[in-house]
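For reference, chains read A, B, C and D in written order, and residue numbers begin at 1 within each chain.
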Amino acid sequence: MRYVLKRVRRLLVVIFAVTLFTFLLVNVLPGDVAYDIAGQDASEEEVQAIRADLGLDRPVMVRYVEWLGDFVQGDWGRSFRTDEPVVEAILSRFPVSLELMLVAQVFALILAVPFGIIAAYRAGRTTDRAIATAGFMSLSIPSFMAAILLILVVSLNLGWLPTSEYEPLSAGLWANLRAFILPALAIAMAEWVILMRVLRADMIGVLQQDYISLARSKGLPVWHVILRHALKPASFSMITVLGLQIGNLVGGSIIIESIFALPGVGRLLINAIYARDFIVVQGVVVFIAFAYVLVNFIVDLLYAVLDPRIRTERTDG
Amino acid sequence: MSQVLLDVRDLVVEFPTRKGLVQAVSGVSFELRRGETLALVGESGCGKSTTARAVMQLPRPTSGHISLEGDDLVAAGKRDLRRLRRRFQMIFQNPIASLNPRKRISEIIEKPLKIAGLLDAEKRRQAVEELLETVGLDPAVAMDKRPHEFSGGQCQRISIARALILEPDLLICDEPVSALDVSIQAQILNLLEDMKQRYDLTMLFISHDLAVVRNVADRVAVMYLGRFCEVGTSERLFDNPAHPYTRALLSAIPVPDPTVTPKPIEMIQGDLPSPISPPSGCRFRTRCPVASDRCAAEVPQMRDLPDGRAVACHHPLIGG
Amino acid sequence: MAAPLLELTNVSTHFHSPAGRVRAVDGVSVSLEAGQTLGLVGESGSGKSVLARTIMGLLPSYAEIPEGSAITFDGHNLLTMDRKARRAISGPGIGMIFQDPMTSLNPVMKIGQQVYEGMRHHFGTSKAAGRERAIELLTEVGIPQPDVRVDQFPHQLSGGMRQRVAIAIALACEPKLLIADEPTTALDVTVQSGILDLLQREQRDRGMTLILITHDLGVVAGRCDQVAVMYAGGIVETGSTRSLFARTRMRYTQALLDSIPRLDRPPHERLKSIGGRPPNLITPPPGCRFAPRCAFADAKCEAGIPPMQADEADSTHRFACWHPRDPEQATEEVA
Amino acid sequence: MADPTTNRPLHPLRPTLSRFRRMRPTTGKSGQFGIAFWLPLAWLILISFAAIFAPWIGIQDPDSLDFINLQAPPNDAHVLGTDHLGRDVLARVIYGARVSLVVGFCAPVVGMLLGLPIGMIAGYFGGRVDGFIVGCIDTFLAVPGLVLLLLFSLIFGGSLLVVTVSLGLLFIPIFSRISRAATLSFKSSEFVLAARTIGANDFNILVRELLPNVVLPVLAFGLVAVAGAIVVEGALSFLGLSVPAPHPSWGGMIAGGREHLEESPHISVFPAIVMFLTVLSFNLVGDTLRSRFADVREAAI
């Protein structure tokens, strides 16, 4: 329990630091939103009026403390442009981003786990090298390029999965899911390789351990040794990386969301950035950071469940 | 009798760990006379290496006094300590890990001179060459190579050269031969003996191997869970142990002679007690075959026996 | 005389490396009768552990066993069997114990499961029965509170206790042959004797055959019937323990015995060290592999590999040396 | 499987056998690099050469508009065709390489120069210093890199310098993590202890003893980071937030061809292929060198 409390404290510190960092970045650096709102023809007085109206004429730290006070009460402000409450804007778009990232990670895992195991088992041999080469090629396709290629090949040339509009889950599971297949594939294109390589490296290390030799000296079949003895201890780093990737769920899908016109948080963010709608940017960045830190926190706790060494050490302490 | 070179009084070393404060060394006192070799023996976790490192001030001990011919090492400031370090040097257990893999042998051995600001480049090179020769390596071959091109035994020779280049008074050897094969071990032990004569060294020798200790030491101190059990000359202690733990250790050593049948060791089987909450009174009592109620109640103090050794036991095996 | 339980004929194990072929084990022949204890002694790099892994079938993929090698166990040639039949021998036929109990137990699997897993696979034992048997075995190997320990993980035990668990795992399938690869090297000396006593007791009670691999001649002396000394990939001397120690013939064996510091010798006695270091196994010396370090070597030793020959007094005591030591003579000067 | 001379498919080896591990057969003969190293290296040299000498190798002006040949497929006049404004795709790809390569090389260097000392200080001194630095890194990592880049380029405007420096800042956490981990692993090794026993001070230990060991894994990651930097720059220019139009960049070209994918895929596909090959080459060369470094280190320890 003490361990969990310690982690929670750390989590709060990071969140606090992120809010401060973002606030300063958005507010101290040049580029004043008042000019944008007022338009190019506005007089200096009009701009000043807008600044006063938005409270931008006061010292930055005062504004930060005020903003933080509202923030912890759930009032993240309203968009300068659409007047939509930031919290609502984020929450209404969050499920789309979450679903996209989960589908993408499922694709990535489906590829990474079997190939990682096979590559580790055949380390240094032709199979391993073939998987490594395929992995490098896949890794070298950035997600935006993968997206273009997938649209070109799958949608335009083959005519499968035409680039479809996003449908909410209420429109049916398939209608909803099919809009995610290509974007998730584009994201998974690089991510499976990262997972695969982490798993392969750890798996090779584990396969060299004496306890694997011991399991084999019991006369157990190879697949049994790999799946029952080696996979669990070899997957810890992969779970960490998976956590980092899921935690990065919005940061990793900004471009994909805009290419495939998915109404997620990433698209909200990029539109807000283009529109210099800084109150929204601020809210979204803090939200993303929170999600990231939270997922990592969960992964840490998950470790304790998976690894008995950590579990007892921590309960003992 | 020759003069005392190193005097250690009431040495205590504590480490914070996740599970609590560990007292690795709990009040150890000993002195080391010029030209003498004192061996600290004991099993893993007994605090022998920690004691050696505390003497080296790496890290500084929690409390106690360590004086090297009147210079108090514990009280010495950073700068003074750095100057004093020339006089006491150390060699480590893992010969390969104790040499920086990215450096040439000549750089490794001359570094102490460089740091101490002694001699010019030409003279330093000369000194390194001479010393390499002395420890049995061909300078022409060895100088420009890197550690991974040498075997464990050769690396240990290099370590010895590095420790000796400043001509220290005291050499602390922390398990210097336990990572080596038997045939190489003998080479290094012989070399250490030669170096001791040649450089007039005083040695603090840490080992878990009693046979090795028997060969190198004048006096032996047996440690268990951070405390000394028994200190005495190596003949007396080995031929006639006074502390039950010393006897148990000796009885556990396999003898390379098929006519000797191994005897069961005279010690209660079981795990070493936790150093976080050691047993009350005598720390060995939980595994001691002759323990009594008194052993649980009262910490046995070091006392001198008529034959000149000291033992910390309520029921010593000899000399009551 | 009964057929030996294990017979190695001209067994070699080579590793492929960019630098060339490493002859880790080279032409080893040795046989072992049921119920005997063989001590396999050698320094690091002598090939003793690789030999154990060759018998156990645990070699890495870049290892090669050249043609002409044969390992016969209980009437089967282990090197030519199909994989499934070979696996059926691991466990009920041959069991193995590894050097470091800190790494030889699976850190994320309960102790009980690790003990009964082999039984479940080979004999189809149920989980409940397996757990019961695991508790019995843990009791037998001297683990206190076995009913609690059975559901714990390895890191909750000390090194000595873990090695006892490893022994219980190896014993679970009632192997005919147990290979213990340096089972006490990683342990403290007071723990070591307990483990060796346990192994010896189990060997005697079960009529098991035991191969005890060690670098410590002391361990072998008191506990083995037979000894084989390995140097640079080959067996250089083998025989009954008594004869080998009393009538040491091979120069390397003698040099090794001489270089050990002993409790019954006076302090500061100069040790008889062996100069140099073991040869490179990619390009080993053409003749006797010990010749470059041997005080008695001459041109003959450097030119030709000495054949195995029998000792005059005991034909099972065999050694490979061109200039064997005269066992009747106490000490010898360098020729 | 009846042939005893074949390699038995028995895989794992144990730690005591690890001295043989570095002898594991690698591609090709010892000391040589395979085709998976030379071919990518050749490509990198070719593309760098073309980028550096772009004005003198007889390609067309990347900004000149050829209104007769709008969206022309590859032909004699335009080897890789033209884009929707009739600009030569080949010329734009080569000029675009200048941006990618400059950012690709410089950003990791910025990250390394700052990240390496930060990581080493955190790892070496530990305690509060480490806690503070790790906290800062965690905070920095919690804000998605692309978001930071977008903010920077909005605030400072898109220019080669801004993109390079801000991307370089993004690499600081990664490089400091690597150097911190390496420092931690070497810090307690006996050779560092040995340096202390001879009276070396912290600075001496950090620079003379630790740096030569820490710099290897950091450099090994460097080439992989180059590949990463090219990808991120591509993403930025894809969003139009890198170097301003009409200056050619690979990401911008891929984005520009999006509207015409169906009828003229070559506008997007050619820059995509060139970018893919370049990123792949850096990954392959980096990986080969890294495994070579790792071997050296393994042999050394």
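We take it that contacts are C-beta pairs under 8 Å (C-beta built on N, C-alpha and C of every residue); 3 or more make two chains touch, one makes a residue touch a chain.
For clarity, every value in this text was computed on a predicted model and none was experimentally measured.
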Farthest chain relative to subunit C (centres taken as mean CA coordinates): A
Chain whose averaged C-alpha position falls nearest the assembly-wide average: D
Rounded Å distance between subunit B and subunit C, as computed from the means of their C-alpha atoms: 32
Rounded Å distance between subunit C and subunit D, as computed from the means of their C-alpha atoms: 49
Separation of subunit A from subunit C, taking each centre as the mean of its C-alpha atoms, in whole Å: 53
Residue numbers of subunit C (touch at least two other chains): 44, 53, 57-58, 61-62, 98-100, 103
Sequence positions of subunit A contacting 2 or more other chains: 123-124, 209-210, 213, 216
Multi-chain contact residues (two or more partners), subunit D: 10-15, 24-26
Sites on subunit A touched by subunit C in the complex: 123-125, 209-211, 213-221, 224, 228-229, 232-233, 306-309, 312
Contact set on subunit B toward subunit C in their complex: 43-44, 151, 153-154, 181-187, 189-190, 193, 208-212, 214-218, 234-235, 238, 248-262, 264-265, 267, 269-272
Sites on subunit C touched by subunit A in the complex: 53, 56-58, 61-62, 87-92, 94-96, 98-100, 103-109, 117-118, 121-122, 153, 155-156, 166, 169-170, 172-173
In the complex with subunit D, residue positions of subunit A that touch it: 10, 13-14, 17-18, 21-22, 25-26, 29-31, 121, 123-124, 129, 133, 136-137, 139-145, 148-149, 151-152, 156, 207-210, 212-213, 216, 222, 248, 250-252, 254-255, 258-259, 269-270, 273, 276, 281, 285, 288-289, 292-293
Touch list for subunit B against partner subunit D, complex: 56, 58, 81-83, 85-86, 89-90, 92-94, 96-103, 111-112, 115-116, 146-148, 159, 162-163, 166
